[in-house]
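Structure, as structure tokens:
Note that the chains take the letters A, B, C and D in the order they are written out, and that residue 1 is the start of every chain.
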Amino acid sequence: MIKTGIIGAGRIGRVHIASIATRVPNAQVKTVADPFMDESTAEWAKSMGVACTTKDYREILNDPEISAVLICSSTDTHSQISIEAIRAGKHVFCEKPIDHDVEKIREVIAALEGTGLKYQVGFNRRFDHNYEALQKAVAAGKVGKPEVIKITSRDPEPPGIDYIKVSGGMFLDMTIHDFDMARFLAGCDAEEVYVQGANLVDPAIGEAGDVDTAIITMRMENGALAVIDNSRRAAYGYDQRAEVFGSEGMVESFNDKASTMTISNSCGVTQEKPMFFFLERYMDAYGKEIAAFVDAVVNDTDTPLGVMDGLKPVLMGLAARKSYEEHRPVKISEII
Amino acid sequence: MIKTGIIGAGRIGRVHIASIATRVPNAQVKTVADPFMDESTAEWAKSMGVACTTKDYREILNDPEISAVLICSSTDTHSQISIEAIRAGKHVFCEKPIDHDVEKIREVIAALEGTGLKYQVGFNRRFDHNYEALQKAVAAGKVGKPEVIKITSRDPEPPGIDYIKVSGGMFLDMTIHDFDMARFLAGCDAEEVYVQGANLVDPAIGEAGDVDTAIITMRMENGALAVIDNSRRAAYGYDQRAEVFGSEGMVESFNDKASTMTISNSCGVTQEKPMFFFLERYMDAYGKEIAAFVDAVVNDTDTPLGVMDGLKPVLMGLAARKSYEEHRPVKISEII
Amino acid sequence: MIKTGIIGAGRIGRVHIASIATRVPNAQVKTVADPFMDESTAEWAKSMGVACTTKDYREILNDPEISAVLICSSTDTHSQISIEAIRAGKHVFCEKPIDHDVEKIREVIAALEGTGLKYQVGFNRRFDHNYEALQKAVAAGKVGKPEVIKITSRDPEPPGIDYIKVSGGMFLDMTIHDFDMARFLAGCDAEEVYVQGANLVDPAIGEAGDVDTAIITMRMENGALAVIDNSRRAAYGYDQRAEVFGSEGMVESFNDKASTMTISNSCGVTQEKPMFFFLERYMDAYGKEIAAFVDAVVNDTDTPLGVMDGLKPVLMGLAARKSYEEHRPVKISEII
Amino acid sequence: MIKTGIIGAGRIGRVHIASIATRVPNAQVKTVADPFMDESTAEWAKSMGVACTTKDYREILNDPEISAVLICSSTDTHSQISIEAIRAGKHVFCEKPIDHDVEKIREVIAALEGTGLKYQVGFNRRFDHNYEALQKAVAAGKVGKPEVIKITSRDPEPPGIDYIKVSGGMFLDMTIHDFDMARFLAGCDAEEVYVQGANLVDPAIGEAGDVDTAIITMRMENGALAVIDNSRRAAYGYDQRAEVFGSEGMVESFNDKASTMTISNSCGVTQEKPMFFFLERYMDAYGKEIAAFVDAVVNDTDTPLGVMDGLKPVLMGLAARKSYEEHRPVKISEII
């Protein structure tokens, strides 16, 4: 049994608090820190069995009882707090991305070196039942040698334009999950990226310098080709599918639905839409990723995704941006 | 290559003419007979390569060039024309049912005896790709020993009340196909039938003494249980499904659709309705049943469904009617 | 927030303890009682936040802090403990069935009368996302007037023969869930039952006087027909499907699977089997049924299934048994 | 009713002969020409109602009774025979591609000019029930403005290496159908192409200078992005799917199967593989394309795909090859 501290009590911080309270038997949340901590948040935290709340995350870092921290604060603080937590001797679970700046991620890597501390990045989709099943099938050779990897990832609706402006752009904010998925399914890194991007959903996104629709092709180090298609808006909801095609067959995963109910009437045969958005689709995966992190801490094993798994998708995202801007294929090795 | 005559140029007679013209290379239609033969029908027949048209089916029976006849006239003439055709030395394909009266079917059986002529009954669904695949899987032992057979059969809309009145009732008119299917899938005869029938679709059907909705359970001779559910009206179209459950698994078949198109939008994920009705769903099966009949004639082999396969479903239909009227399970052996 | 006591720490008792610990925020388990309480069970209970463990369920009934009890003991104790708990002024959640003996259920009904206490029976499937979606669609008129209700319910494997012998027979042990489902989906009671039963899975079950395969047809009070097909063994796992067909369409629900993964190779296109058994398929439903019970207690509203919902499926099960034995349709009103 | 001549009695020529014989009521095949015409082919042609057979296609061009010709000879003769046929005043249906050389296609275009003759190119997939349904849905605005078009096209197995060598390369031989499909679904031309190609299936294909696996992304003139993924070998058979995603939803089409049979057993829930290859999958489409051509001739209307529809996919294929060779996005306008 370990004690944890949660830094950031926003949407995702609360998801992790609830997960630990209800689904992670070998961990407790001792303290939650948030600069905007208020009474109602504190009350909710108590109801979840959290002992302390504070506005200052340093209380967590200074607490010798707490062995692991979950960094759920705003993206621009991830790398800095990671380093402070590592220096305080804490194991770290950090929400994605560690940073948009490769240099800062490298500083976290340097800080970790030799400490023996665990570090895990929050690519929750690796813990989704569908993607997990695909990856296991591929790793078990069920499709032979992987040749083509296809990932479809569409949000139900774009975030507000203010968020878009600070998001680092679609490739670092949204596609970053798909870049991680490509690595997860292929079992290797990408070598080269080419982007066809467009601004089709909302002109304001284009005015903010970003794209909202893209097809991203990649060559993976094992020779497989990969393609991601993204849109910031799908009328039918959150579209999250993948396919791995190989020398001996293909595995596919499809969207989860709230039920299997199918209605047949004079309009056709209709099933439910996909689950609304990431909190619905991946709630179970969020619980499993934290349980896996806690297990790694408790049993002193490797986390399923280390700090390098945090770095790689950022490199891919930066290469994608460069490809879009320079209208040419870009090697990952061009990004330093 | 054989020459055939078609008796009856109604809807199903025309289907068979077109099938022979386009899909049965070893047969031709020489003559079509229909008491209501008119110019437009005759013209259409010519366009299909039919040499002669007539109002009198005896012209066909008396034509020594014609070796096989297809009886597509009204149900009440099937057994009589069957006997005449057999006596004229013709092979016979007869639309279902041979008759509603068991005695008359037995007369056809007696007439056939010792002649060596081929006789086939028009249970077209045995030639449908889906049911054929199910039957083959079951016969090949893919589900182990069959234990439960389920057949769903619903029409898109009821026939006119005038037709209902002369139809012999739902069990002999509509369920008869499903009784044949139960025998086909189980690979044996039924022993006992019980009916839950109701008049839910149209009160006029009830006033005509018939049901329009029913669940029919059976015990088959091999010990398997079977259940048919029927309705004369399905808002989403022609519903034709089956399932065979056995000691080692289950096979199912589903409705055919005009295309695989699926549309996802804010209303859900919608596929097409089933194909509208029997002419759409079973057009291919109609062609295959005639090709099988012609092959049996040409190669002097058994037809895939003989005259006994015409008798048995009628017995089941009469037992079903008796069960409904007497509100109790009825053994097939009670029907003489 | 209420305090509850759990009577019976077997498989289902533990499911409810875990549900309350992790998913029911407005309830706690104060005490667990089990005549076979041992150290390991007690330890597990502590880990789930349970304060006390005991061998004597009367400690729960005598505890004024506990307002509600969950009866998860062996079936033959359900009605007796229900009555004791009611007399002790406790709200009761009782696992199904209340009793195999109608008279004893009537005693529970009599004990409840005038107390204002809540009573809920454990028909967990009503809380399953699929059945819930079907029922809501039907109740909202999405299929028009219900005409045919079909329920398929097959276990992956039969229980041990010792269990079979004390189970009350398949109709009271297994079909009872489907009887409840027929009432839930139809929105009314059954009027008449007819059973085609067979012993096809294991001769030992037949020797014990029970069936293992059955097709049960019913006429519901609203005129709809219903059919349940049961088997104690399905090679492909737990098969739990339903269909409601009505004047304006049909709703269906299908089996849940652990993932949407589909593999295409030279053998075909293969999806996962259904989830293994009831604990996998209905885990979420178990949580929701307890949450609903607790809500009814806390908010002083009706429970979603009262004591009469416990009685009715037992009447249906006894009618089914009578139909099987007497080989005829049996009216529910024949069962006193 | 028109008389046609077929030039080329290979696989596809025979498909068209059979289609006209059985499915195109307003056309007849008068003559079939093939340099390798032998007795067995001639006999087969007679059985299909073809009056004459010859080794010299000029007999067809010189026959004043024949108003339309179908060019089904080897690819390198398509443009030359097209021009001769046009000069002989015949309407032309020409198998794809008209030529690998843009200049020669332009000569066909020039020859056609001002003649009023009909010209149709054999992109059979436009007549497939699935793609036709997609295109109609898109054209009817069912998905709003198209934003992303995805086409998956995989052959069950690669052709022989001798064929590969003269095929013009995968982009002109195989992807050309998908280029046409992208235009058909988008309702406009492509602007730019980028290719990720690889040699993963068979090293001999790479040695012959060709690829066997590719992901091709395009920007269409209406702003939509498109992606095609190709493989010369799929272990599970012919994989032919498409998806159009737009501002208001998505339409998808899936693989056709020989039946809907689904088997559930201890290995999972298995459906049939896709239909084996193009002759199985597109047999119906082949019939419909010829019927459409004949209708255009008979009714003097436009053919559904004219000579420009033959040119455009060749331009796309050449751009794709250039992109692959130069490792950069290539504008269609770069291809002269």
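Rule of thumb we're sticking to: contacts are C-beta pairs under 8 Å (C-beta built on N, C-alpha and C of every residue); 3 or more make two chains touch, one makes a residue touch a chain.
Only a predicted model underlies this, so the values are computations on that prediction, with no experimental measurement involved.
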Of A-B and A-C, pair with higher C-beta contact tally: A-C
Selected pair, out of A-D, B-C or A-B, that shares over half of its residue contact pairs with C-D: A-B
Where chain B and chain C are represented by their mean Cα positions, the distance between them in whole Å: 42
Where chain A and chain C are represented by their mean Cα positions, the distance between them in whole Å: 39
Where chain A and chain B are represented by their mean Cα positions, the distance between them in whole Å: 58
Interface hub residues of chain A, defined as touching at least two other chains: 235-236, 239, 248-250, 264-266, 272
Interfacial residue positions of chain B with respect to chain C in the complex: 144-145, 147-148, 150, 154, 194, 196, 198, 200-201, 213-215, 217-219, 223-227, 229, 231, 233-236, 239, 245, 247-250, 327-329
Of chain D, residues touching chain C in the complex: 234-236, 239, 264-274
Chain B partner contacts - residues on chain D that touch it in the complex: 21-23, 25, 47, 129-130, 132-134, 137, 142-143, 248-256, 258-266, 272
